[in-house]
């Protein structure tokens, strides 16, 4: 049994992400979840901008990392929690548009570590443009392990 | 002449970062700026948390990336703007504490690209703990160049 | 016109990679080149091992980076040269097998910077396993620019 | 007790690195080892070059990664082995010079994962220039654990 077992998966991912005060603050929402794949949407807005009015790299990173973490989580043993070990993000174009969508998938699910990637596209009307690419390593926190423990 | 020339540097960095709606939303503020070095502080708060109550990796990244970008900016020719090309962040401990401080410095300032790094520490009372380490590549946008142009 | 224009592309990539003393030393060879995609093969051997007998991360990186650089090069203006700005590699399994194949492709080709990725698989008989994933930023060196100049 | 306990540490690191066929092939050698810090030297040579005659990014990466892995290893429990989980390298200048030196140190030693960094400098006569900066995550393989096991 994994966290992503059928039935209530989307609901469970939504509940998990709903506990991210950060995503609520940004205005992000879950679009879609399936085993190993999660999409999160973020409307562009001045409250998440950088100095030129584009969406701030920190906000782009936040949705990409959250989508990647959730994608990893769906493949972990039931009851496990997930933490980000590291991620790298390439910002290939200014994040300008009406909304951003981060689409994450698992590259390799391991017992301890899971490798994930996410593309972030900006949408303006019908047009779609790649603005960022993230690769992240996630760690499985076994059920019952106190998540504040210095596992790393 | 660089953006970090004496006199009004801290004021200029504060003004530049003040145009980051994202930092205002997070509750971050500039602590200190000198040529090639910038520190940004972020009080911990539920509105920037992840699912376990730690500060979200996206918020940690946002202050680390902003401090690194501002540090690079201080060494660029006067009137230049700065954009993040890519960054990598290692989250070495849960971001738990009363406040976070991102301390960034320039590793190598180049004509086009500048390499920077930032440490993020969590402070609780008198104790201080490293929670994240970022390395970022910044690109110089020459004065007069329309910053929306597809330079990358 | 790009470096990857038809006719002699594979030959040109082979010639370019043939000037990499490093690849000759490792025993690597070009498998395939098309616009934006390059594959390089490396037989496993004790002279490129690490302490446990797996292929050394440096050798895995060398073929992944070379394939990614060559893939970027095929999409650059004719006569341009390519240099690696940065890369990140995740080693998801020990590089054990008879031979490795690095398969690279361009994610986004820009005027100055090009983002690429590469997967490295280990082959043993008929079986195939992902051992590493690389993401790299390449920079275009315009024709006629002295490649030793401090462009970065 | 750690791998880096006094007495024979330099000898033990040299012995461990001596089992890296890759380093022998490149012509690299250990300069110095102390708890949490390791330096490796690599003479420049055509057999490790890229297309412009600079030292290949793969060779630069190999010594930086090996130094970082060895630095992490000195702080691991006695008998443990080390594997690289991921690294990111920024190549800030062409690797041109008579010899390269990779100087690595541990940023944070954890129970499972250890974060490290390394600078690579090129030396020509008396002059010294930074050519690369690496950040790497290492994993501890406990003594007795079969190192081919799919821990990751």
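For reference, chains read A, B, C and D in written order, and residue numbers begin at 1 within each chain.
As a working rule, a contact is a pair of C-beta atoms (placed from the backbone, for glycine too) under 8 Å apart; a residue touches a chain by one contact, two chains touch by 3 or more.
None of the values given here were measured: they were computed from a predicted structure.
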Relative to subunit B, largest Cα-centroid distance belongs to chain C
Could you quickly compare A-B and B-C and let me know which has more C-beta contacts?
-> A-B
Between subunit B and subunit D, what is the separation of their C-alpha centroids in Å?
-> 29
Here the gap between subunit B and subunit C, centre to centre from mean Cα coordinates and rounded to Å, is 32
Distance between the CA centroids of subunit A and subunit B (whole Å) is 21
Junction residues of subunit A, two or more chains touched = 85-86, 88, 90, 92-93, 110, 137, 150, 152
Interface residues, subunit C side, partner subunit D - complex = 16-17, 19-26, 45-52, 56-59, 61-63, 65-66, 81, 83-94, 96, 147-148, 150, 152
Given the complex with subunit A, which residues does subunit D contribute to the contact?
-> 85-86, 88, 110-113, 137, 139, 150-152
Seen from subunit B, its contact residues with subunit D in the complex are 88, 90, 92-93, 107-108, 110, 113, 115, 117, 130, 133, 135, 137
